[in-house]
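Written out below as structure tokens is the structure these notes cover.
Order of writing sets the labels: A, B, C and D. Residues in every chain begin at 1.
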């Protein structure tokens, strides 16, 4: 049986995934930015205003955070969702946030324009199926040792329930290399374009784990054909409660946006 | 903070995990056997009777099966649980079965003496926490690219909720080697013995993916200090609905049990 | 002790490696192209003329080929070197070719402007040291499971003998992913720029193993900051004696060169 | 074409490899022990006498050492060979030592009963071919990211030159796990027994990188069917010039030999 996600021959164009007014998979390159975790109203607001000013068109921010240790900061939860809701209203930016538990879907759906499935849950099949039943867009991150085939099957769990609004997000895989947090599989971008009709994102923040490498790898992603980028931005990365090492500050994010534009143009895309 | 799972210095002995009458982590080597998936009452019954006759002391069998493709056989569900319940009564064997969704916990708890967390859900933190709130033993399989440290933290998610009845089960990690389904990390067994006070199992069936390799790798696990083994057994592996290639038939399982006994003895363990 | 290869703080600029008239590590992006293995005079000549016409500035071609099986085609040997010599004279293109044995160095040095060390020999220390004693440039490919650190140490084996003309060439590492031949570690490019002052190349042909993915990954490499590319080109890839699947034909190579120019410009580089 | 190394169907028995009086691949388990690197006459002599007393039947010791950094201790060279020669005469133990350069073969052949090819040179094809032309036994270690298939092909490079005296030595592969130096692929032992007729060794010292894990993994190797073990032993591991962390002192080696005997017996092998 031909998977819904793989019907590339029947569908030449990339599926358009609509998140508020933003269209993912069209000619425009979509930049999603924001903090790893929502820490405070001020942190989220200042970041949202700044990334919007610099050209990002969607806001990310985690309210529920999967953490390796149960004793780490695990997010603001409902309070975080409320902050997200108010800032979305203020800025008009559509928001994407992670869901880890099928029981949180409704609550998160009140705020989020797009659900995010993190790497650790890429094969949490009950969660995928439940998201398939909503018609809300899903950003599906690659599992840290998932093959392209397994990843496409994970998308199929969502799509086979009737939801075709799926974006695949490469975020690096686990290898023996220790200088970087993960190894970005840049080839996954054109490979997925051959294998599926779904839009493909790149997250160079998790992919590299070092802020100094985020910008060149983001440019590489665009050159390789990514439909969008997901970038961690924090007002003061050195004080972040999670993933500070891989977050850009405002100045570095501005610098990235400056560099993105000509590369996008060079491969026939434009920033909005 | 010292993790509960790692208080090896305060606790010299391996934690005893009690599953029905079976004690895991004591001087006796525990063999859990049964089919990958429950396919029919007859299949499960004949397997249960045979493995019991040959010396296994616990029965495994999946009612809810995580499968890469949504179109594969995903288990008998509640019907499977009913079969498990009847056969448990008939044979007296305690049973372990996989839970993939927090909403199934109660239903599975009516039948299972031990919950199994599969590789794909090793970092499904909401599921781990919910199992922590039950006091039922948990067999926690290693994620397919999980470090020892991440695995121990996953156990801590269960233990920090008050449930110390956790068994770690090595089942192979993902590497570049393609001859085997996974690469058994045999060193994980003594390494976990240094790092934690939890009992450690080996699953050579998933670890190797080839029935002909199950037996030598099982012996290796015992020699390396495993507290128990988890072995897939099927009356007719060539007809199995899942994992047939790695399942032993009755004759091969009998042969394995014959070989296990002297190796267990050689390292100071005994079969029951 | 600070490695010679890592004296980034003392040396802000990338080391200029001179191969004939070509400067690697300067503002110009260098494209090296040619067949995996030299098969015949006609094959090499037609390829050399075509890649030159399309803007490549160096010719590659293997006379001595490391092959997994001793029974595979292992190159034309000295005959291949002679062809390389004649075609170099005819076209004026500097040439790079692989050396696998210290005893071949002199013979190859008569023809080659640059030595190539392949992945399998990245830690062949006697070979590295011998090349260090020549002052000829060396293209050092990454070992298939080498960390960045080990790779830099391999360069140090050459440099510590007095030869600073070393170019590092990323060609993909080995991971669990099977859709591609190797996994291109795109982040290695900016990471090496942080860690060393040596020029960095990308070989998207070996990196991906599929011709259809070579072009987008080549563009990604340029966007990430590579100083050059190494591309396998063959007049009729479907008839190639080695690596046909990953070789571009002339039409596809022309298409790549067309796309390269704007991306190079977007990141402040130019094609010659 | 059927590889010479894989003619398992034509040859039921494991190839007997003869090193002095020692037969590898027969009913007896062979233990090779000694220091990673030869550091002094006293160090090598005391180790040789002690391992012999405890039941090892071959001596290992590196005179030429491949080291990641060119500035690390790279072995005593010819002086080391002389020491090896004198101690071989004194103790009667056959010796195995590493060769890294085809130009050293003759010199090493004067002393060594068996050549060792290290991981970094597993695909150094010119070296393999040259060793094939000698009729001296070769211990061929697995490359750190070599598949079983590539490893068998490497053996074929030796065998196709007429030398069938090859022993394959598993020494761990490179994975994401950082607690251990490498990941021992224990399944490789029975897998190679299916695929080839060559004897198989395990090196748990390099495989684990931690002395405390050497003993349980050595026992696992024997239980899995290894024909022999290669163990690093040093009079004072804390003072060793290389690999001290993974070397056993005499007491720990004695303890391992005590434990080996019953496990060997349990799988139908005996120590000499």
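Everything below uses one rule, namely that contacts are C-beta pairs under 8 Å (C-beta built on N, C-alpha and C of every residue); 3 or more make two chains touch, one makes a residue touch a chain.
Bear in mind that the values here come from a model prediction, so they are computed numbers and not experimental data.
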Intersection of contact partners for chain A and chain B: C, D
Chain at maximum distance from chain C, centres defined as averaged CA atoms: B
Rounded Å distance between chain A and chain D, as computed from the means of their C-alpha atoms: 48
Computed distance of Cα centres, chain C from chain A, in Å: 34
Set of chain A residues in contact with two or more other chains: 145, 149, 174-176, 178
Residues of chain C that touch chain A when the two form their complex: 145, 147-149, 173, 175-180, 183-187, 189-191, 194-195, 207-208, 212-213, 216-217, 219-225, 259, 262-263, 265-267
Touching residues (chain side chain D, partner chain C) in the complex: 1, 66-71, 100-103, 120-121, 123-126, 129, 144-145, 149-150, 153, 156-157, 160, 174
For the chain A and chain D complex, residues of the former touching the latter: 174-176, 178
